[in-house]
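The structure is given below, and queries will be raised subsequently.
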Amino acid sequence: METSDASAVADRRIRDVAGVHLTREDRADLLRYMVMMRASEERALTLYKQGKVPGSFYDGRGQEAISVGAAYVLAPEDRTCILHRDLGAHLVRGVTPGRYLANYMGRAGGVTGGKDGNMHFGDRRLGSVGMVSMLPDMALVAAGMALSFKLRGEPRVAMTFFGEGSTANGVWHEAMNFAGIHRLPAVFVLENNRFAYSTPNELEFAVDPVERARTYGFPGVAVDGNDVEAVFEAAREAASRARGGEGPTLIECQTMRMHGHGAHDDMRYVPKEMFARWEARDPIDRYAERLVTDYGFEPEEVDELRRDVRAYVEECAARALESPMPEPEQATEGVFAAAFEPLGDGRAPWSHWRRNGEGSAP
Amino acid sequence: MNAITATRTPAQAGEMTYLAAISDALREEMRRDPTVFCLGEDIGAFGGAFKVTDGFVQEFGAERCIDAPLAEGAIIGTAIGAAVAGLKPVCEMQFADFISCGFDQLVNVAAKLHYRQGIAVPIVVRLPSGGGFSGGPFHSQNPEAWFLQAPGLKVVAPATASDAKGLLISAIRDPNPVCYLEHKGLYRHVKGDVPSGEHLVPIGEARIAREGEELTVIAYGSSVRLALLAAEELDEQIEVVDLRTLCPLDREAVLASVRKTGKALVAHEATRSCGVGAELAALIADEAFEDLDAPVRRLTAPDVPIPFSPPLEHAVLPQLEDMKEAIRELLAY
Amino acid sequence: METSDASAVADRRIRDVAGVHLTREDRADLLRYMVMMRASEERALTLYKQGKVPGSFYDGRGQEAISVGAAYVLAPEDRTCILHRDLGAHLVRGVTPGRYLANYMGRAGGVTGGKDGNMHFGDRRLGSVGMVSMLPDMALVAAGMALSFKLRGEPRVAMTFFGEGSTANGVWHEAMNFAGIHRLPAVFVLENNRFAYSTPNELEFAVDPVERARTYGFPGVAVDGNDVEAVFEAAREAASRARGGEGPTLIECQTMRMHGHGAHDDMRYVPKEMFARWEARDPIDRYAERLVTDYGFEPEEVDELRRDVRAYVEECAARALESPMPEPEQATEGVFAAAFEPLGDGRAPWSHWRRNGEGSAP
Amino acid sequence: MNAITATRTPAQAGEMTYLAAISDALREEMRRDPTVFCLGEDIGAFGGAFKVTDGFVQEFGAERCIDAPLAEGAIIGTAIGAAVAGLKPVCEMQFADFISCGFDQLVNVAAKLHYRQGIAVPIVVRLPSGGGFSGGPFHSQNPEAWFLQAPGLKVVAPATASDAKGLLISAIRDPNPVCYLEHKGLYRHVKGDVPSGEHLVPIGEARIAREGEELTVIAYGSSVRLALLAAEELDEQIEVVDLRTLCPLDREAVLASVRKTGKALVAHEATRSCGVGAELAALIADEAFEDLDAPVRRLTAPDVPIPFSPPLEHAVLPQLEDMKEAIRELLAY
């Protein structure tokens, strides 16, 4: 997204509105989770390079504001299907960096206990249904969860994410159409990071998919995906519409995938100037700066927060490395469930939901 | 919920069709458990292409018998979501053939979620399957073998009205995704005594439909009737094993019967290669090898799409004469 | 579609434009093919009631203007995927009523020789790829044919049809999106006959799907589907855009299915007044009237044409009834092709393409 | 077209990897026949997830190596359309697992069009399949058995570099839809002499990969290598039949070998129930029954999704030790 005068004004307006909803501690949290995502993924990449991560490695570098800003609006009883660029949402909801790292390494202590790898995980006890690889299948699962909320008359929200490339798949259309017909309480976060693997926008669609929301009967809004408060504010409004029975919202977050599709991908297909332009808009640096310039944080305070988070991730990594590999017998267990166990609630650090000190992180 | 159970009118006991038994099971479970709901094309006001949910909207409301848009992926995918969030969706494919349009949701999302993440997916996918009425290549298929190559799905295929009810109730209560194959040829042609009220047939247990000493026919769905008719007409010592569940297979029941008779004919309407019959034959050839007195034979449709025109369809689907011929041949071996 | 003053003006305008493209004989043809479709389907329904049609029976009563008007614009080398309400398109392209009736009866002389039934046929030699049941899969096949035209630089068009209910399926989205990205020479005819089987528009989508065309990067136009010249004109313009390299068009034809989904369906879900409203707008009666009032046809001429066509269909039916059932051995033949045989060309009765007397019907 | 053929640079003869052989076959055919083109995700400028089409855009242009949107239905569906209109598309699934997303187009449109309408559909669907590298439940599947339950599809699964080339060229020239399973574990680990230029391996013919008198291992894809290694290490009279084509099966080659040895072990990496191994075992148990000296055994993955973590995946996929053990057991029978 290019910065224009008009969008600058819009940005300012969003920030003002968000201001009403975010406390000082919320703002620290937003930065904290973004840094935690960045630090966790950097640590994972190191583990990958050290040969400790089997298979391949994927991260969401540059997209941290999206999953953090969006997930931050959720209440405990809301539900999520979190995708492969969205570690931040897992962290907000309560997955520790250690369990993430252990999962990447295929350890028993990982979220899936070694059954599944990379970002294909979700913690049932935190209300999260782990993504499948087939994109964007989780959009239908999220719609189905939203359907259950609607049928039971519960003011709850299902939130899911997908890349812009995934909108070309028929599953996406079926999910949007179904959610529109039934005005389901779903929040759909579209991450337009310019590419699907190596495929650029112009080979994915002729018209930006955010335009389509209206033709499914609900609003589509485009926001600066590298501005965590802009994402937060759009998600907050969408979740509140959903809870109020007004149906789904499609939020397109304009961003850029700052690493290759996976660690094996050298991104040779990305124009250098394009990359440089987005590099200057790093969501973490930008927000750290804003905390100081706009919200009265001391530079030292911000630095300390970043240092603390990195130290915490380091600790988590050490514990993850101690986690053993799963036992081979596990391989044939769990194909069938013996009983139904419900999803649990996720953490909800936003001050709006806060009770009894819950929600301070790390 | 108890209140609902208490006030329900008891279902009629006695004889009913296979089709009525399916409706009955569904109605019973919806009365008993408010989390059960139906999702499918034209199942609401219209009552479904085969009228399984006739009257359901009136009794349960449109919210518990949802007319889905023409999108099988959406039906199965949203059912998965509703299921993990605590409901118990029963999906109807208008014809089993359309499962190929929601295949990915079934084999990749539903089937693997518990193994991968410990999340149970209690959905039932009802699949009106099978041919014999000039439905042509897209309304006659028997897709069960696909599901056996997608670990994580349970698969049932009742042959009688009683099992149609009992297996559907068990499927709805099972915490796993269950593919429920209801053969359209049995809908109105098969009648039988069906216990009223709660009636459960355990998933995973075969049934000896007929006892005999000389040869075992292992069948399911529409082929059970063919096997029983053939056995009767031939008046020989034929044992008929009605599998009822295809996954997990009741291996012990199959092997015990074949060990006793020494001869096995595996029969189904689905096409031959990599069908359920292949799995059964392989099982028998491995684990009952020493007891076999004859080759393991299969009676199936050949590997062709199911044609429309009656003489063509008749040539392709296993007929009573084919069953008798296959039995005779194997008996004479 | 409700008749309003504005649409009446638009109708008039369309008629004026179409006038440039249609000769008197073309107009007679348009009526002829619509009547042929009506008569053929009525004859088939009788055969069905007499127990001579195995399986089920489907027709397109009330929708005759759509398949006839759209297919009438095609050149011989254009290609089609024709759907279950569109017998008119088969007739225009050269399938005789006899081969249609024989196909319904499962006879050797039917288009598929008994392999497939009802409307699931297409004559390869007439450039038509027979529909599969799964809706709307043929939209992708048509897009693929259009892709081949584009890759070879040929000014040819692929035309296909689908009901409004089918637009809910993911396949539809994938076809539209793909066609939009590559600006394929495809004409997509959407028949909004108010229902998908028993399911009304409001349970199929929240917003009329014609609105979506724009979000795939091409125009969507809505026309009166009970006005054969309106359909013709929209299709003519769409085909000419396609041939000119300007990409696909989505044409929504507003109409009503005047029979049940199949012969077994009593349509109890259709409101009586709705049915009555559409009954008054029968495409054949309306056009027959217009030929007299607007285009100088004698009433007797029109009556004679209708009589002749009905007599022709009767003759065809007699021959179809003489066609034998296929031999059982055929059942296992033809699963695999021994060699590739190309599609042939369709008939193209529009005067625009006429050479050497080709194209008079019946 | 002749001009293109005439000016092409001759391919390098000699040893190449299985992966290079696939590229080589594709390049050869695209040079020879201007109607051949590729369609898939990220196959253009990027050269494909596994680099099979690396350099193709440079040589053939973006119009003959099309980067598709993320929509497998669109890839297969439009390929069908292009094929019936006279082109010869070669589709790439980024991983074989994604075929479930285009399943309907494959099994209902492509597979049945010739039977129903006499319209040939010359498409190839390339399927990078198989596990062994921690790809997890969605990047490790072997979906071949599904295709055998969808009459009208040919299915090939080369085990050597030479067959990878020869079968791909045959698949492209075949007038039918062909599912081409390329096992990712063989891509760089299998090397061999590959004839340069035109090299055809007929679809439907198995290959005796090793001769022996005491036991037949019937295998394909990655299991062939395992069987050959095991046979070598055990140093026994083991015959190894490399199927190469799974549909149509070379029944005669299988039966001839088993009739000679009297013992059959069927091996594949795919899960067990209703797999290709079941079909082979059923075939043998029927038609070679009298020559069997032992039960027909199968070595396959169990019926579970393929797990990610190395110890789990290792436990699930058949290993060399498992192959040796199964052979030893059967030899001792």
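By written order: A, B, C and D. Residues from 1 in each chain.
One rule holds in what follows: a contact is a pair of C-beta atoms (placed from the backbone, for glycine too) under 8 Å apart; a residue touches a chain by one contact, two chains touch by 3 or more.
Given the structure is predicted, the values throughout are model-derived calculations rather than measurements.
Participant: With centres defined by CA atoms only, which chain is the most remote from chain D?
Facilitator: C
Participant: Measuring from the mean C-alpha position of chain A to the mean C-alpha position of chain B, what distance in angstrom results?
Facilitator: 41
Participant: Suppose each chain is reduced to the average of its Cα coordinates; what separation in Å results between chain B and chain C?
Facilitator: About 38 Å separates the centre of chain B from that of chain C.
Participant: In whole angstrom, how far does the Cα centroid of chain A sit from the Cα centroid of chain C?
Facilitator: 47
Participant: On chain A, where are the residues touching two or more other chains?
Facilitator: Residue numbers touching two or more other chains: 112, 115-116, 120, 132-134, 168-171, 174, 177-178, 181, 203-205, 335.
Participant: Please output the residue numbers of chain D that touch at least 2 other chains, ranges allowed.
Facilitator: 69, 71, 73-74, 97, 100-101, 104, 108, 112, 115-116, 137-138, 151-152, 303-305, 307
Participant: Examine which chains touch each other and state the graph shape they make (line, ring, star, complete, other).
Facilitator: Drawn as a graph, the chains make a fully connected set, so complete.
Participant: Would you pull the chain C residues touching chain D in the complex into a rising list?
Facilitator: These residues of chain C touch chain D: 79, 111-112, 115-116, 120-122, 124, 129-130, 132-134, 137, 139-149, 151, 158, 170-171, 174-175, 177-178, 181, 334-343.
Participant: Where on chain A does chain D make contact in their complex?
Facilitator: Contacts found on chain A: 54-55, 106-107, 112, 114-118, 120, 132-135, 165-166, 168-171, 196-199, 203-205, 269, 325-332, 335.
Participant: In their shared complex, at which residues does chain B touch chain A?
Facilitator: 37, 63-64, 68-69, 71, 73-74, 76-87, 89, 104-105, 108-109, 112-122, 151-152, 154, 175-176
Participant: Okay, in this complex, where on chain C does chain A touch?
Facilitator: 168-174, 177-178, 180-181, 183, 202-207, 209, 211-212, 214-218
Participant: Which of the residues in chain D end up touching chain B in this complex?
Facilitator: My answer: residues 97, 100-101, 103-104, 107-108, 111-112, 115-116, 137-138, 143, 145-146, 148-149, 151-152, 247, 249, 266, 270-271, 273-279, 281-282, 284-287, 289-290, 292, 294-298, 303-305, 307.
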